[in-house]
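One chain, subunit A, links the two complexes that follow: it is found with subunit B in the first and with subunit C in the second.
Here is the complex of A and B:
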């Protein structure tokens, strides 16, 4: 028998209802978006063609979705079998993160009906970073679905298919490690392409590795974050010892990230901009603080076994990685030197993003309650 | 490509003197360049090279009527090829009042001889308008009116090229009240193919390309309804203008030297005729000196010199008729939304969501803290109690 079990319990609970209402609101706004176009619903303009639908739903959403990638790195690449209980929930987080990011892209495309040209070789422009990201993300969604499919196969007792799948699953696992390595760094390349429009506090040739590493550390942060919330919300025992270990991994990756990030700032001589008293500088310090706080907290081994420290550090890293992306693509992004363009998300934009996140939690609740996702809980 | 040329045109080395000291490579580059300008295949460049280096150079008779010699001056400033390459090697310029070595009766005799010997084969180029009033007495050379010269020369011409706005439709001499009754070549000669290369002066490359096309293919390039070669005159200046986005965005210079003018905005409101004038000026520029080297590029409105009924007819600062009001889809629209910043509601929602997230985090952290304390206490108890 599998070590994974459905949690069970009622699907329709009070949080489920609240989240459903939020999702319905988003759906209504999206209906307006598809009837009236992007203009009436969003605050997007030619200066800021990318708003929070791209930066939060796609850039940050897929970075959260890197949980699957990060855990796969640990379990399959470094062969740390002890983390195996985390694989399936992490893959599911990845599937949701990426699946909904794909949906968000469709919503944000001005001429979404031309979407099919992306898949038509005659229309492909092979020097385009955007093409790489798009194809890679689409492929990865399929791979994640295959990697997660054992949960379905177990649920519906399709043992034959499961056996056959197990024989070839290694291939999909390998591809599932390759693809995010490619497109998470390419999301950084997209910002490199924006050149001087992005403040020198963030603009660097090292954006691709920084994006990749920060996505990995966000993946390692999401695992304890999600696990603790699930334990509290679904009244399950904490997996604290395992989470303590993965927090340590997150700490190491964060230290590597910070070394490159700060080293790059010093080497380019861009750190002076952080003392200019601008909004950019303020946001830069908040972002850095959010990266440094977990480092300080997790450095002390005694702290690493405390659920509270693990949670605060994980949450802080998730916000830090998110703010890093927001800073690059919206706050530190200045389309013209004169600065005549401005962007702040409209209420409707924010409600759609909220609705998409609500959908993610709704799906999470349904999946863990009905499918064997979470590791078999030891009787406590 | 150069190897191919080497193989086919081996004897070109012998032409080195004939090419006026120009290397074979440069000559090939020029011919291919001209072919590309006209949108022809690169092999057409080869044919042009063959045609232009043919020892049987086609004879050209160049007549000047009521003109300012600006067209010739413009040609003198072409660098690929230079005019001397053209007239010494590509064509046999048998008569040109500004450029011929001989003078007086000698020059006239040579012209008549050439016209007789090459009857039906020579290319006739005309610059300047033809006065028709009072028997055309307002412009005479060798005691003959321009009208007579033109009629005589046209009889034996294979094709006629009217260079400049004057020869094309009358140009500046024909502007009201038109005291000399000036008209263009096509008003007088009705039975010959005529190409108009209007412009004041025209871009020399539009002329040179037309000549080389004729030398190569023995026919004239495709012409528009005003007999202008389509390769040069099929697009409005407005369509290719580097300032077009300013027009579409509603950014106009209102006075010379004002903020918009200094910013390089659209000159439409200063009377630019780009929106109703067909020419390739913004695409191929003038003088071979790089970007911005055309009137609009230097900050002066186009005055429509290539367009009959616009140049020399409309006032310089008169607004033009915009032929294509609607910008193409891919151009930025007028009054682009530049964003309003945060509205109160949006800021409130953002702050609210942030607050809820922060609050929830704090509550969870505090609950986890209590659990941690409880666990720690239990552990201590377990250690203390003898087991």
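Here is the complex of A and C:
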């Protein structure tokens, strides 16, 4: 018998309706995007060709989606079986994060109908970090679907396939650890080529490890964040002891991240820029504070067993990692040639991002209510 | 305590390992590419430019680009920057009263902006589907819209802000100067170089143009000088004028690994909108350096996958055994 069970209950609830309306609004805007082009619905321009659809929906969305990756690291690599109840919901978060990021890419691509060229060996350009990210993410979506498929197989009682899948699942789990290691670091490498266009507060050849580690810590933050929200929203008991442990892991990873981040700033002698009173400096300090607050909170063991502080720390880390990405790709990015540019997302752009997020929550609600995703009893 | 000492050490080791590999990452840089001996290029001498914009008109005609009007009453082609509709633009630097040509204070100067056909171009390095290519012989950087997916990574990465996307079209494309490759294929020269009346925009082999720029730097300011026009070395009648007080340096000789379009000017290049204080190596040499080291022959990922498969297999096996055992106990 599986330890996972559907939560049950009505699908169509008030929040569900609100989320659906938000999604419909986004769908309408997207219709306009495909008929009129990117310009009329976004504030994208040739100085800032990448806006929130790329940075929030793809870069930040997949970092959130690293929950599955981060938990897999603990359970399968470090062999911490006690975290096993977290695997399935985390895989699901990964599937949604990555699946919808894929969708966002298709919306944002200026020549989406040529998408196939990415898979055409004659055109593949292997020096391109973008190619690696694209192929890696496509493959990872498939792997996540396979890793999550036991939930479906259990639901529909397909025991035979499930057994067979179990025999080879280890391989997919291994691939599922390899791929995010590759593309989450590459999402950092992507910015290296921008050179001086990104402020020295962020531009460094250490972007790949910094992106990877911050994605991992966001994964460890998302698990308690999602779990506590689910417990409150779906009126289930909290899994506090397990969350306390994973918060500790998040703390360790954050410390490693900060050591590299600050060490790099000092080593490159770039820290002076943080005291210039520019918008960059302000955003830098906010970003750093959001990383440091959870460290201060979680350092105290007493705080690690309180759902409240766990939740606040997790939320802070998620925002911190997100802001780090926004700072690099948009706020700290200063296109210096070919015009004077500025970018702030348009309302329609934000509504699309909100709509995609709503879709994510809608899918989450349907999945946990109908499929065996959440652990049936809180584990001690 | 929920995490024991061993576990902590293990994690710490992972972190140190990561930071060690990355200290080396600073050294992860491939060589910046070298210019081809037969590369073609352009020498734009701002001091010779009279701002007639003949090159802008010629560029539009040669490339079938539309008129772009920024006026309230659209009457003339008045682009302010290169864009999805304009591949080449003459810009004006003006300071104070703007009376004197080629003077920093109270002066003015012209500048020609378009693709610099970099020796080691970012746009080519970043494009996932080879929609930006650099000719191995001529070094011309061309765009192929039929494969382009419109990711705009080229727009994002070009240090000179050149590739432009057509945001206001449902099926937009990337636009940039391709050095009139279609004309050069027919043995002609780029349209803008062809029409320039003063030789400010001069076409030629990069080698020849470099030597020409040296000669200009060595000549005495104020002396008469015979400036070639159209194509360097052609028999087109030259233009005679006085040598200006040049900036000591020719832009494009070394900036970001060098560019095949080179600039001479009497006022500093940053005033003309070019990025200065940039390294002599190209940015792709850094980004590709990281990629090539991590992904050489896909060796590292393959080894990692092997190791991961082994560990995961062992760990899941153990779990299954435990589960089976406990199920047996229960029944």
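Simple rule for what comes next: the second predicted complex is superposed on the first by the 374 of 380 C-alpha atoms of A that agree within 3 Å, B and C clash if a C-alpha of one lies under 4 Å from a C-alpha of the other, contacts with A are read in each partner's own complex, and residues count from 1 in each chain.
In the analysis below, a contact is a pair of C-beta atoms (placed from the backbone, for glycine too) under 8 Å apart; a residue touches a chain by one contact, two chains touch by 3 or more.
Keep in mind that this is a model prediction, so the values were computed, not measured.
With subunit A as the common reference, the superposed partners subunit B and subunit C clash. Of the two partner chains placed by the overlay, neither subunit B nor subunit C lies in contact with A:258.
In the superposed model, A:293 lies in contact with neither subunit B nor subunit C.
Looking at the shared chain after the overlay, A:209 reaches subunit C, while subunit B stays out of its contact range. Using the contact criterion defined above for the overlaid structures, shared-chain residue A:165 touches neither subunit B nor subunit C, since it reaches no partner. Residue contacts after overlaying the shared chain place A:142 against neither subunit B nor subunit C.
In the superposed model, C is the one of subunit B and subunit C that contacts more residues of subunit A.
Once the two complexes are laid over each other on the shared chain, residue contacts for A:345 go to subunit B alone; subunit C is not touched.
By the touch criterion stated above, A:45 is placed in contact with subunit B and with subunit C alike.
Within the superposed three-chain model, A:307 lies in touch with subunit B and out of touch with subunit C [touch as defined at top].
In this superposition on chain A, the options for subunit C are 20-28, 128-136, 146-154 or 200-208, and subunit B clashes with just 200-208. Annotation: subunit A residues 39, 45-47 touch subunit B in one complex and subunit C in the other.
Per the touch definition, subunit C reaches subunit A in the complex via residues 1-3, 7-8, 10-12, 14-15, 18-19, 21-22, 25-26, 28, 80-83, 113, 122, 125-131, 145-153, 155-157, 159-174, 256, 273-275, 277-279, 283-284, 286-288, 290-292, 294-295, 301, 304-305, 308-309, 311-313, 315-320. Those residues of subunit A that touch subunit C in the shared complex are 34-40, 42, 44-47, 49-50, 75-81, 84, 109-115, 117-118, 120, 123-125, 127-132, 134, 166, 169-171, 173-175, 177-178, 181-182, 185-186, 189-190, 192-197, 205-206, 208-209, 212-213, 244-245, 248-249, 252-253, 256, 259-260, 263, 301, 304, 335-339.
Per the touch definition, subunit B reaches subunit A in the complex via residues 332, 336-343, 345-347, 349-350, 353, 361, 364-369, 371-372.
Within the complex, the subunit A residues that touch subunit B are 39, 43, 45-48, 228-229, 232, 238, 306-308, 311-312, 315, 340-347, 350-351, 354.
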